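Next come two complexes, and both contain chain A; in the first it sits with chain B, in the second with chain C.
What follows is the complex of A and B.
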């Protein structure tokens, strides 16, 4: 058997092995997404046949409730994203440049939310930070009596989503920081660079890629969340997740739910494209 | 040390520690306190009466057992299906050359590039026309999609890590392709694959959003029951007892799995 025939046969076998999961992704991810986008634009006509219509979008963009929900979702996403980076970058820097028992404890605690299922986080946060929760009791004990619970306010989902997004954000940032060699930092220090200078000139360029991935993934993760906003946030205005859920399940309007999903797809496609481009551009052996 | 000298007290580190205690440790601890509290009124700092009364109350509820059975059935079905369709694909990605390989790998990662709940909505709209809403099959499909990425990419890494020299040595002494796979490749890749199976099972067990939209109200899984108990029940302890009862075993399992897989794999797999 010639080498060419062997490799051709292997090629077909490889394709056969991946056929089912690829088909599953195509049928159950890309096809429904495409279908629901088309379904919002092409509507069946009364007398049969189909017609192109933007009516569901006109409704969404003239309905003040829908627009407020979209605005709330964007606000939550941006605020959560900024806070996630602001909280995790110092922790990641600390863990990269410090060794010892304290760093180990910090690492274990910061990655711990990875092992807590979403529904249990929700319960824990409600009992902890909710009205008359444990945090309020503890604060009252030390004489602080003006605690205003973030539960069921716009800050409720923000806190829950930071909890949820912390481990992944931290892992990606640490992975980016691990590319920086100690030698390059020591060299910079030898020529007299200060901490800020090292942060700006050596560390920042190395973690740009990680920051991009973190921002894109978290943007998608926060925008496409339903559980946290539903459990921890206010009902009016609400985030797109619970809004879509209610439109689909309670209002029973799949067309408007699809329209909301399509608008979510469009806004998130910016983050999605940034994410796919940045992982596609990485060197091949690096991508596992 | 770049950001602090070791001679000085590590304010920065202890600051982070304090933040993590208030932000992560105390909320989790709250669940445990409530699970063993028979009475706890504000502003008492600790439960006023401790005990196991609510454990027996939770265990006596038929809806808890029904949801537990549903969740275990679902998770077993999804994990088994996921393994059957993903493991050959993982082997192909690790060991075979075929046209479009990197594009296909990328298409799995692209599933990450969609807002999850919007995808679930569009799948649910499709399921509505296929009469799959409110069915076991519908929930299995939507949860299966969730597991594909993990189930392909962890075993791919496992198969890649198996030494080619050993496989070739086995071929040299006359082993068939199947024997090589069965006696050389599989045993070495097995720990990681087992860990992936375990994680898939636990993650499916706690998957909430897909089951909620596609399954409710007919298919009631454990997380959905917990959600209902958190939202509607006046008895605070039910949610806490269920959380502790189910989560502690799954935590032990996941920690075991994580030990095998290692932290960096996750960040790398997501493109970090």
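What follows is the complex of A and C.
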């Protein structure tokens, strides 16, 4: 049997193998999402029939309230992303270059949030950092009385989201760092490179890909978050997650809610494209 | 796409997901009852209603399911309406603390059972002042009250104007919840709306809402709420619900808040708030209260048994427990209650409870977010 026929049969077999999940995605994801997006653009006319209208988008982009909410969502996402990397990169570097029981303990601590449901984290954080909470009491014990709780301020969701995003960020950064061979670092050291030089010239280029993945995945996770901003954040401006929920269930305006969802989806798809491109480019680079 | 189409499709989607496993387990004699109320009410049903009804009706089981809050209950109502139009089993026998006004048009179409015509033996005992619609059977009432630390508040306000003055005189010591998340917060802004329109609850009726009628009245409300904002907890932080408000009071972060009478009484009896906690009601015009009722889809598979349960709910036997075990108001006239309770509650027995119509709320709450909650500078 020729190689071409084998590969063709494998191709068909492969397609059959993925047919069911792909169909499920099409039916349960793409079809309702497309319906919802089309519903924001094609509106029924008074006398029957349909007409194309951008009215709901015009409303969103001329409504300062909606725009402020979008702005707050972007702010929270970017600030959380920067802090996530700033917190996790040193831990990842430490764990890449240190072995021993202490490193294991630190890893376990850092991955712990993965096993705690978000709602529990929210209540725990409120108890801990909220008004008259443990943190305030502890600080008062040592004579510090100017504590202002971040609960219900824009920093509340940022803290919750960092808690929530740590394990994923750390795991991806560690896996990126593990690609760097000890030999290349030793070689650099042999020719007299210092620590900073090694970090800039050897480590940084190797983890750019991981940083891109971390940023894209966290962007998707943070941007659409509803729970943390809802439980820990201020009443106003709202993040898009609680804003969409409220518009749909409390304001009972499905059209505007779908419009907000479509805009959120378009912004998140930018991060999605960055992620997919990053994944797709990787094997090509490896093959070189 | 039409709003109703959207709801129909989303309801059909939710229906498909929910229908799968339930078909296999559905059994005759199992009543599926979905709750919109908090766990204290489900506890009450578990401990009082369920054992009593099941003992009187051998072979019947009450399946008590938390409905997942307002939007969850709305989804179930959407599903029931879709099933009604398709002449299928809605797989819902009763919705608790839901209103028959949603989805739009369902009441007129005949989705919900008309209790006045359903032949319930106890129906004539129902207190007519608490009936909003014959399709809604009120079985427990509660009222929003001021909940405060009596050690710190010696003269508790008795009028809304007095409350406003107290809030301004005691900055950072009062909090209310976001109206869409805690009904106590909703009642606070609704009472404020009644205040700025001259204490006339009769201005707000389920049938008279129009944007043109409501907007000028809403415009009068915002200056009052913005005026007190700087004196609220942390310069205008609104809690994320009834429980969160009570927690702020419990931790001593605020001295006074608004709370539902049943939740306040339960928190006090469980000791989650300090012993010095007390409740009070405004004397000029009480905070709005509400009667939670049950609704039954006319196409429910176990409709006859559900109606029997409805009749049991408004029996004096259960209604006495609503007062003693739940801290609620009865849905039936006080003359049918036990002699002991009649004497004990003679003075607080409400002749009427101001009710704020729920169809006014979406636009009021949305406008609150845009006009009151905005502009907080930190």
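Of note:
To be clear about the criterion, the second predicted complex is superposed on the first by the 261 of 288 C-alpha atoms of A that agree within 3 Å, B and C clash if a C-alpha of one lies under 4 Å from a C-alpha of the other, contacts with A are read in each partner's own complex, and residues count from 1 in each chain.
Convention: contacts are C-beta pairs under 8 Å (C-beta built on N, C-alpha and C of every residue); 3 or more make two chains touch, one makes a residue touch a chain.
All figures in this text were calculated on a predicted structure; none of them were measured in a lab.
Under the clash rule set out above, the superposition-derived model of chain A with chain B and chain C contains a clash between the two partners. Between chain B and chain C, more residues of chain A are touched by B.
In the superposition on chain A, contact is made by A:35 with both chain B and chain C. Look at A:276: by the touch rule set out above, it reaches chain B but stays clear of chain C. Look at A:152: by the touch rule set out above, it reaches chain C but stays clear of chain B. After overlaying the two complexes on the shared chain, residue contacts for A:65 are found with chain C alone; chain B is out of touch. In the superposition on chain A, no contact is made by A:74 with either chain B or chain C.
When the two complexes are overlaid on their common chain A, residue A:132 makes contact with chain B and with chain C alike.
Once the two complexes are laid over each other on the shared chain, residue contacts for A:85 go to neither chain B nor chain C. When the two structures are aligned on the shared chain, A:250 is found in touch with chain C, with no touch to chain B. In the superposition on chain A, A:44 makes contact with chain C only, while chain B stays out of contact range.
Superposing on chain A, the segment of chain B with clashing C-alpha atoms against chain C, chosen from 24-32, 96-104, 132-140 or 240-248, turns out to be 132-140. The contact surfaces that chain B and chain C form on chain A in the two complexes overlap at residues 32, 35-36, 39, 132-133, 231, 245, 248-249, 254, 258. Partner chain C is touched in their complex by these residues of chain A: 32, 35-36, 38-39, 42-44, 65, 68, 130-133, 152-154, 230-231, 234-238, 245-246, 248-255, 258. Chain contact summary for the complex, chain A toward chain B: residues 7, 10-15, 17-18, 20-22, 24-25, 28-29, 31-33, 35-37, 39, 87, 90-91, 93-94, 97-98, 102-103, 105-106, 109-113, 115-129, 132-138, 140-141, 163, 166, 168, 171-176, 178, 185, 189, 195, 198, 210, 213-214, 216-217, 220-221, 223-227, 231, 240-241, 244-245, 248-249, 254, 257-258, 260-262, 264-265, 268, 271-273, 275-276, 278-280, 282, 284, 286-288. Every residue of chain B that touches chain A in the complex is listed here, in rising order: 1-4, 10, 12-14, 16-17, 19-28, 30-31, 33-34, 42-45, 85-86, 88-89, 91-93, 96-102, 104-126, 128, 141-142, 144-145, 148, 152-153, 156-157, 160, 206, 208-209, 212-213, 216, 223, 226-227, 230-231, 236, 239-240, 243, 247, 250-251, 254-255, 258, 263-272.
On chain C, the positions that touch chain A within their shared complex are 1-3, 5-7, 9-10, 13, 70-71, 74, 178, 180, 234, 237-238, 240, 248, 251-253, 362-363, 365-366, 369-370, 373-376, 378.
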